[in-house]
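The first chain written gets the first letter, and so on, giving A, B, C and D; residue counts start at 1 in each chain.
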Amino acid sequence: MPITTADVLACLRKMADVIHENKEYLTELDSAIGDADHGINMDRGFQSVLKKLPSVEDKDAGTILKTAGMALVSSVGGAGGPLYGTAFMQAGMAVAGKYELEAEDILAALEAALKGVVMRGKANLGDKTMVDAITPAVAAMREALRNGAGTAEALEQATAAAEKGMKDTIPMLAKKGRASYLGERSIGHQDPGATSSYLLIRTIAEIAREKE
Amino acid sequence: MKKLINKPEDVVKEELEGVALAYPDLVKVHFDPDFVYRADAPVKGKVAVISGGGSGHEPMHGGFVGVGMLDAACPGQVFTSPTPDQMLEAAKTVNSGAGVLYIVKNYTGDVMNFEMAADLARTEGIRVLNILIDDDVAVQDSLYTAGRRGVGTTVLAEKIVGAAAEKGYDLKKVADLCRKVNINGRSMGMALTPCTVPMAGKPTFELAEDEMEIGIGIHGEPGRKRMKLKTADEITEMLALSIIEDSTYTRTVREWDEDKGEWVDVTLVDPPFKAGDQVLAFVNSMGGTPDIELAIIYRKLHEICEKKGLKIVRNLVGRYITSLEMQGCSITLLKMDDEMIELWDAPVKTPGLRWGI
Amino acid sequence: MKKLINKPEDVVKEELEGVALAYPDLVKVHFDPDFVYRADAPVKGKVAVISGGGSGHEPMHGGFVGVGMLDAACPGQVFTSPTPDQMLEAAKTVNSGAGVLYIVKNYTGDVMNFEMAADLARTEGIRVLNILIDDDVAVQDSLYTAGRRGVGTTVLAEKIVGAAAEKGYDLKKVADLCRKVNINGRSMGMALTPCTVPMAGKPTFELAEDEMEIGIGIHGEPGRKRMKLKTADEITEMLALSIIEDSTYTRTVREWDEDKGEWVDVTLVDPPFKAGDQVLAFVNSMGGTPDIELAIIYRKLHEICEKKGLKIVRNLVGRYITSLEMQGCSITLLKMDDEMIELWDAPVKTPGLRWGI
Amino acid sequence: MPITTADVLACLRKMADVIHENKEYLTELDSAIGDADHGINMDRGFQSVLKKLPSVEDKDAGTILKTAGMALVSSVGGAGGPLYGTAFMQAGMAVAGKYELEAEDILAALEAALKGVVMRGKANLGDKTMVDAITPAVAAMREALRNGAGTAEALEQATAAAEKGMKDTIPMLAKKGRASYLGERSIGHQDPGATSSYLLIRTIAEIAREKE
């Protein structure tokens, strides 16, 4: 069964819940190597997304995602705002006009999101950012689909890859963002942005699994 | 947390309401999206100079809106970059048609948000250029970091560039001047105490009774190193020499190329200070350090500059770019040429900086 | 004790050295006895306005020396009244022949030292009048105390009286105006934290994490009462109402009678505020409280004044009369008439207050 | 044997020692009901007196005392400076031109000092100030001399009275000076100025006793 716009809306609502539940956790991670606001910022952002959803309930998936991206851009601030905002807006463009999303559409959306983040933040793999969680996730989904996996299955493999990517940020030395000022002192801490990325990807997988 | 606030989440909103009530002749405040702008904006034929950043650094930036300095300032939550919609609305409100300069402190969040804002503004037909301020010598390289942070030089750039815009410089010239100020300014800061972000409710870091943090930024982030407390003279020497003896600093930044119509990478080079240079010496309180201590620091800074052959032609001593109630100070030295001196001296009338008018 | 100082006993001397280096166009500093004076003093034909008091309240008083405000300021050790020889030498240096007004904050030490100085100056042929500032409503009676302390109104008096002297008012008129400002001004302060006098090395008092002190003076002395921390709005209301609802205040002060050639007791009466009054609203940081919090206080003060029918015609928001790094604030309301408004608006050029020039 | 100018000089030097030894004590008393500077101020003042003494070693007692008073005035600051400065200057005027002081001269000097303090500070007995130590001391000396006591004996009675006066300030409610702002909270603390007055009077008595 394809993912409908109702599923996309449900997914965004669940993302808001997950971020809200992990607000303290993300902020705690950011306090170790950043400025202790990632959870606060992301929560403010997804609360703003929630407020915008009713106005696009009957719109296509692209419009819904772009609206979410714009809400994030204009409420998160910091580095997270433009990065996630761009990700959602680019994902929206990738599925513009669609009311039902097949596995390939979801992959295309995720690929566009990643491209948006890299375009915006210029981070390389290994710089200790959200890119280190999203890149392996996208690769894993692509690989899974090539191997014939269904949507939920492919997204679960993406989630596992994102989780591994997130954990792999722990020994990294940060070269982008605020954490980079810490130099050696950034080693040993898990990147907050990679963590929020993992949480969001996991949420997509959960929605897809519920569908089946 | 001991603060004169109501609810932590209302701090910025209520502050802006207070500012609107306190300075109605100088500024207006737009809410949702939030920005502070010149009461008489748009000023006909004048390039609009806009800055912004996290709140908690007052008087920067909102306190520098007015005649001869900023046309608008976009305040984020405390220590969090503002968002593109604020910057876009501010640009639309104060643009007179002569274009907009965004002065952006080099923090990943600020840079990206201002870039998005510029892209959006251009789609609405507004000419916009972004110039970065990255002057914090506490960050040594730009290859393995996000590059030097924007600190004290920002205040000086806003004054000098604001005066140029007021004088009628066109957008290109205003941007070039801003870049010139940036590559000629260097700063370094230190903290005796941390500060507390209202929403966080606890200090941004811990420091023992006999410790200080050298190379601190302006967001309560830890600095270059932690060490035992020293005397004012020793601290001044440490900061001043880090600045004066800093070698050539090279990095690549992203600027908008109007001819090509795209973002391009530009390599900028800060030349080191040398004997004979004319400088503006800026001693800044991080918020909680009183004037009496700033004067003691200025005394030593003056002596060091003299010894190094730097001629202090102008100075600024006070609280201009702060980290809430943090105790500590920063020093900025800006190499001045005659154009910059003349623009520095030009009249300015803002809540936070005023002379000649 | 965490401070940007060298040796505690050198703080005032080194601060003055720093001030002399930082503002050579505005002020000069005389050492031993110590005083700060206008670079262009004596100004021909102009009454000289001099103030002074313990150090640690910067920018008051040294930061208010310059065009349109003080001709000289005499700094004592931190929180200790200066001595008559400083005041006498300052008077001799800045007196142009038109006489000298000493503006004296009402603390026993300041009052007595300035009286001795005035007596000494008169023996040297200088016309001198002393006017007290006693505006702190935290002190309720004058019968069983040394009377209300001189706090925020001092800053306003120095500005207004300084402008009058600059305009050519004669000594008698300058003194009368200063007395008028004093009886029309009332203040009240509070502290979230104590401060540390460098020579003492430890905080002047203790406050728990959830406590504040209401009715504090400016010397780190305990105030009227200690209570649980409240919101900014509640605190503003407490301070503002203490001022606005204060009833007539009567006391006897000592002034010099030029006709009789002796000190005489004068009874002064502060009339209470009433709806319809035009006021200057002054929100002051005790030093460590950042601008962002002052704006939140101003917001509420504005609302309260409006509700009480007081019309805010001018305001001042910032750090002007401080207690070193103390966190806290004070509110001053000054009833203004047209003469005072005009003098308030007159140009002033000092390190601590500047506009119109 | 009358008190000579050498004795007066010795007395001032000893006063400086005594104040220096009691610097912390006086400051401690002042921290309870004042601003914790009385010892610091008085010590700075008497160190300044010490520096001035060599220039008046061959002068009359009046000149020596006036010089000490002026040194105090221009170095102590606060309330203590003008009060003690006036006291010493007035005492000096009372013995102007004299090189030898009899018991009556010392009484006259003390009376003048007290008058000077009251003239300057307008404190009444019971206001919890130095006046509460000096007033009974002067009265006791006057009474002792009337009863035929010698100089040392009379000054010792003055010292005892000053000590009692000093202690009597403990239960008083301050009505003058900085302590008055405390209202009821000033009760229970010994006045710092009364304490320094007692210490100075005691020093005079000790010098007189050494003479005999």
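Structural remarks
By definition in this document, contacts are C-beta pairs under 8 Å (C-beta built on N, C-alpha and C of every residue); 3 or more make two chains touch, one makes a residue touch a chain.
Values in this document were obtained by computation on a predicted structure and should not be read as measured data.
Graph distance from chain B to chain D, where chains that touch are one step apart, equals 2. Chain centres here are Cα means. That of chain A falls 79 Å from that of chain D. Separating the CA-averaged centres of chain B and chain C is a span of 32 Å.
Mean C-alpha position of chain A lies 57 Å from that of chain C. Shared contact sites, meaning residues of chain C that touch two or more other chains, are absent. Pairwise chain contacts present here: A-B, B-C, C-D [touch as defined].
Chain D contributes residues 27, 31, 34-37, 40-41, 44, 73-83, 85-86, 120-121, 173, 175-178, 180-183, 185 to its touches with chain C in the complex. Of all residues in chain C, those touching chain D in their complex are 33, 54, 76-77, 79-86, 107-109, 112-113, 115-116, 139, 144-146, 149, 197, 199-200, 204, 217, 219-222. For chain C in complex with chain B, the residues that touch the partner chain are 2-6, 11-12, 14-19, 21-22, 55-56, 58-59, 63, 78, 192-193, 209, 212, 229, 231-233, 235, 287-299, 302, 315, 317, 319, 322, 324-325, 327-329, 349, 351-352, 354-357.
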